[in-house]
Each structure stands twice: as C-alpha cells, then as structure tokens.
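Multiple structures are listed underneath, in structure tokens.
One chain, chain A, links the two complexes that follow: it is found with chain B in the first and with chain C in the second.
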Partner chain A sequence: MGMLHTVNKSPYSCNTLQSCLSHASEGDVVLLIEDGVYAALKGGAAAEMLSSAQGVRICALSADVKARGLDGRLIDGVEVVDYGGFVDLVEQTDKTQAWL
Partner chain B sequence: MKLGIVVLEGPYQHEASDTAYNFAVAALEKGHEVFRVFFYHDGVNNATRLMVPPQDDRHIQKRWSELAEKHNLDLVVCVAAAQRRGILDEDEQGRHGKDANNIAPGFRISGLGQLIEAGIQCDRLVFFGD
Partner chain C sequence: MSDVKKFLYVNRKPPHGTIYALESLEVVLIGAAFEQDVALAFLDDGVFQLVKGWNTEELGSKNFQPAYTALGDYDIQKVYVEKESLEERGLSEDDLLEMTYEDEDDDWAEKSSIRIVSREEMAQIMRDSDVILSF
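Let's look at the complex of A and B:
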C-alpha cells in the first residue's frame, strides 16, 4: 500500500522535496525529517507546495520539528509523528524511498 | 517486520547516524527485528572505538555498540569504504601491515554482499544519509 518517501533537506537549500512530490502518487506518504521539516513552516514559501499535494499524506518527525522550534508553527494537514510513528509508516507502506 | 538500516554519513557531521539510531531503537521497542545495520561511505566512521567526544555529548559509537550488545544486532561496515578511511579490524591490520586497529565492539567488517543480502532478507530497507 503506497510508498513512504523521506525528505531530509530544507526546501530552501535543495529541490529534493519538489522532486519527491512530483514522483509521489496517490496513497503515498511523505515524511519530513531533519531539515526537511522546514518545508511545513506556516507562511514559508514551500508550504504551498505541500498543501497542494493531492492524495499524498504529509507527516513530519516530532523530534526534528521540536529541535528547530517549529512546534505549533506548521501548516494544517501535516501530521506530526514520533519515531514510533516513523516505524509504523515504514510498516504500513510497501517500501521506503529516501530522497537524499 | 524485519528491517535493514543503512547509514551513509559519519558521526557528528550529519544527523543521519542519530536519526538511524533513534529509528532503530523505536523499531526494537515495537518488537520489530533489526536484521542488519550496514555502514557505507562515510558511515563507516561510526565504527571507530577511538572517538572521544566531550563528556556532555552523546557517544555515537558506544551507543551503537551497546544497542548491538543488548539486541544482538549485526553492525556491518563496508570493507572498501573502511579501508579508505582507516577503519581496520585485526585481520585487516595484519593484511595491510598496519600498527593498530580501531574497530569498535559489535561492529564487523564485511562486503557489499551483506547489503544485498539485507535487501533480499528484509521486509524493508531504510536509508539514512545526506
């Protein structure tokens, strides 16, 4: 059932999120980790890219969100998950693709 | 679920090793099997027992070694990447006539076949890198 994509780069330094979103299909999950979580910052230029992703579930890793002071500052529709949730996403999807 | 984990970056340089470690801990806590952790490219630098980080910082090598001991994990270091970066076990030390070795407890040096095998044996293979 779908694929899990992990994105660990800020959309302001790299275009991996853009590449990822243009490859992700309906039913896939995109998990933002490390600097990738900056994409979900409310008011950020990259946020629109995320909110316009159709049929793709967007998640962000809570530890990385907290480490960057972004707690409560993410756009709606982004699901914040902990490491256990990361493991669950790996299990729920057929394969995991890291956009390095 | 049987998991394979690949670490492509060195310690303290990039978050990859930390993220991979936290992911492995969470997976083990949930009762999943971590079949193998494969250290490739600069990731092999996680395997030196000679690192001495400040006392108030995490000890990335020790953390992996302790996790391996507790859960009987297979921590595999790519031999070609290790040789380039001066990560040696006793065999490699002898083979290359070096005066020391530095591989940490719980790690072993082997080849890329171990990564391929992990890809075949595991339900999921998860990469952490830069």
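Let's look at the complex of A and C:
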C-alpha cells in the first residue's frame, strides 16, 4: 500500500523535501502542503528533485497552490488534490509520515 | 531634515507559512508614517511574497496581497528584488505584482517601485542602510 509523506517546508530554505525523497520508497505518495508546494513550481531548481523521484507519486494540495499564485504553474506529473483528496490519500496508504 | 534615517526592511520568508510576511507589512506601514527613508528588500523565499495571483479562498485565510500594491500610496518608492533569488525559483519580473508610486519630481508620473538587483547590489544596499529590520 505504501506510505504517505507530507512535506510542508519550502525546499529553498530547508532540506526537508530532500530528506523525504531520499527515504521514500517505490509506491509511496509525497503530498506537498503549505510552503512545500513551492517545490513543484515550474522552472525552479527544486522541481528537478521532484522529477527525478522514481516510482513515487507526487501530489500538491490545491488550497496551498492557489493561495500562493501557483495555479497552473506546476511541473507536469504533479497531481493537484483538494482537502477531500488529502483524506483519500490518508485512507489509501498504510501510514502517514509528516516531514516537518 | 537631518534626522532622516535609511530604513531597510529585509523579507526572506514566503507569504503564508508563517506570520512574518504579514507582520513585516504592518511594520512597514507604521514606519512609513514617520517620514523616514524607507526601502524594502525581497530575497531568498521572500520573493514569493510578490508572486501575483494569490487566491486564498480555498485556504480560508485573508488575502493580504493587495496591501503590497498600496505601499506606493505610503510613499514607499524602493522595492529591491534579488535577481538570483528569482532565477533559482524559476521566476522573472513578469511573475511579480505591479507596484507603483507617483514621482513628485516628475509631474507625479506613475513609476514602478520594483527594482531588480543582483546579489552584489543587494549586499551594497544593506551596507548603505542605517537601520535593517529582518523578517
């Protein structure tokens, strides 16, 4: 079933995403929330980290994406989910690890 | 007036994750009332504060982005944005809010307050300031 990882820090001020991605396994889901959504911004240095993550599903929380003016500006392959989608992910995975 | 000091407000945090961005705006507006020489600096994740198009409806928090565009009315004419910080994040000046002021020395012509500067220039701006407030 895999694990759900949430990342809530900007990849440009914290190594949280990097650490999360290097511990995530195939079949896991990484959900970007709060300032974590900046990682998926097209053209940014951090976006490369996400694209090179193999076998990991990457999602971003829509409320946080929109609040930051990033709607429609994320790299391909990132699935935007709403709060209901967040709950679905929690349900679909074995456990959740919040990378703070 | 001889006791006018050069104030620089340094913004390095993204807008919503913490209270820093909003607090900075509050302090800038208060400071603007004291007729000092005020400049704002946006670098590192602070540049995200100026990315246009916020929609905070789904998040359920206040959209304080319009306050940035009102800074010109408080006679804030210098908004320095660091070029390298923008580039690292895949951003350019086109992604930023429009921030303007009216230049009293030029028949009140509306001019952009945003000045894109290099990291080296930003360092010099910091050195040239009398007081630096960090957020």
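Following the convention adopted for this analysis, the second predicted complex is superposed on the first by the 100 of 100 C-alpha atoms of A that agree within 3 Å, B and C clash if a C-alpha of one lies under 4 Å from a C-alpha of the other, contacts with A are read in each partner's own complex, and residues count from 1 in each chain.
Operating definition for what follows: contacts are C-beta pairs under 8 Å (C-beta built on N, C-alpha and C of every residue); 3 or more make two chains touch, one makes a residue touch a chain.
The shown structure was predicted, so the numbers you read here are calculated from the model rather than taken from an experiment.
Placing chain B and chain C on a common chain A by superposition gives a fit, with no clash between them. In the superposition on chain A, A:66 makes contact with chain C only, not with chain B. Of the two partner chains placed around the shared chain by superposition, chain C is the only one that A:45 touches, whereas chain B remains out of contact. Comparing chain C and chain B on the residues of chain A they touch gives the larger count to C. In the superposition on chain A, A:96 contacts chain B only, with no contact to chain C.
For the combined model, the angle formed at the CA centre of chain A by lines to the CA centres of chain B and chain C equals 80 degrees after rounding to the nearest 10. By the touch criterion defined above, A:87 reaches chain B but does not reach chain C. Of the two partner chains, both chain B and chain C are touched by A:34. In the superposition on chain A, no contact is made by A:76 with either chain B or chain C.
In the superposed model, A:13 makes contact with chain C only, not with chain B.
Taken over all C-alpha pairs, chain B and chain C come no nearer than 5 Å in the superposed arrangement. When the two complexes are laid over each other on chain A, chain A has residues 8, 34, 63, 82 in contact with both chain B and chain C. Those residues of chain A that touch chain C in the complex are listed here as 8-10, 12-13, 34-35, 38, 41-45, 47, 62-64, 66-71, 82.
Residue ranges of chain B in contact with chain A, taken from their complex: 1, 3, 8, 15-16, 19, 22-23, 25-27, 29-30, 32, 124-130.
If you check the complex, the residues on chain A that touch chain B are 6, 8, 33-34, 61, 63, 82-84, 86-88, 90-91, 95-96, 98, 100. Here chain C touches chain A in the complex through residues 12-17, 44-45, 48, 51-61, 63, 88-91, going by the rule given at the top.
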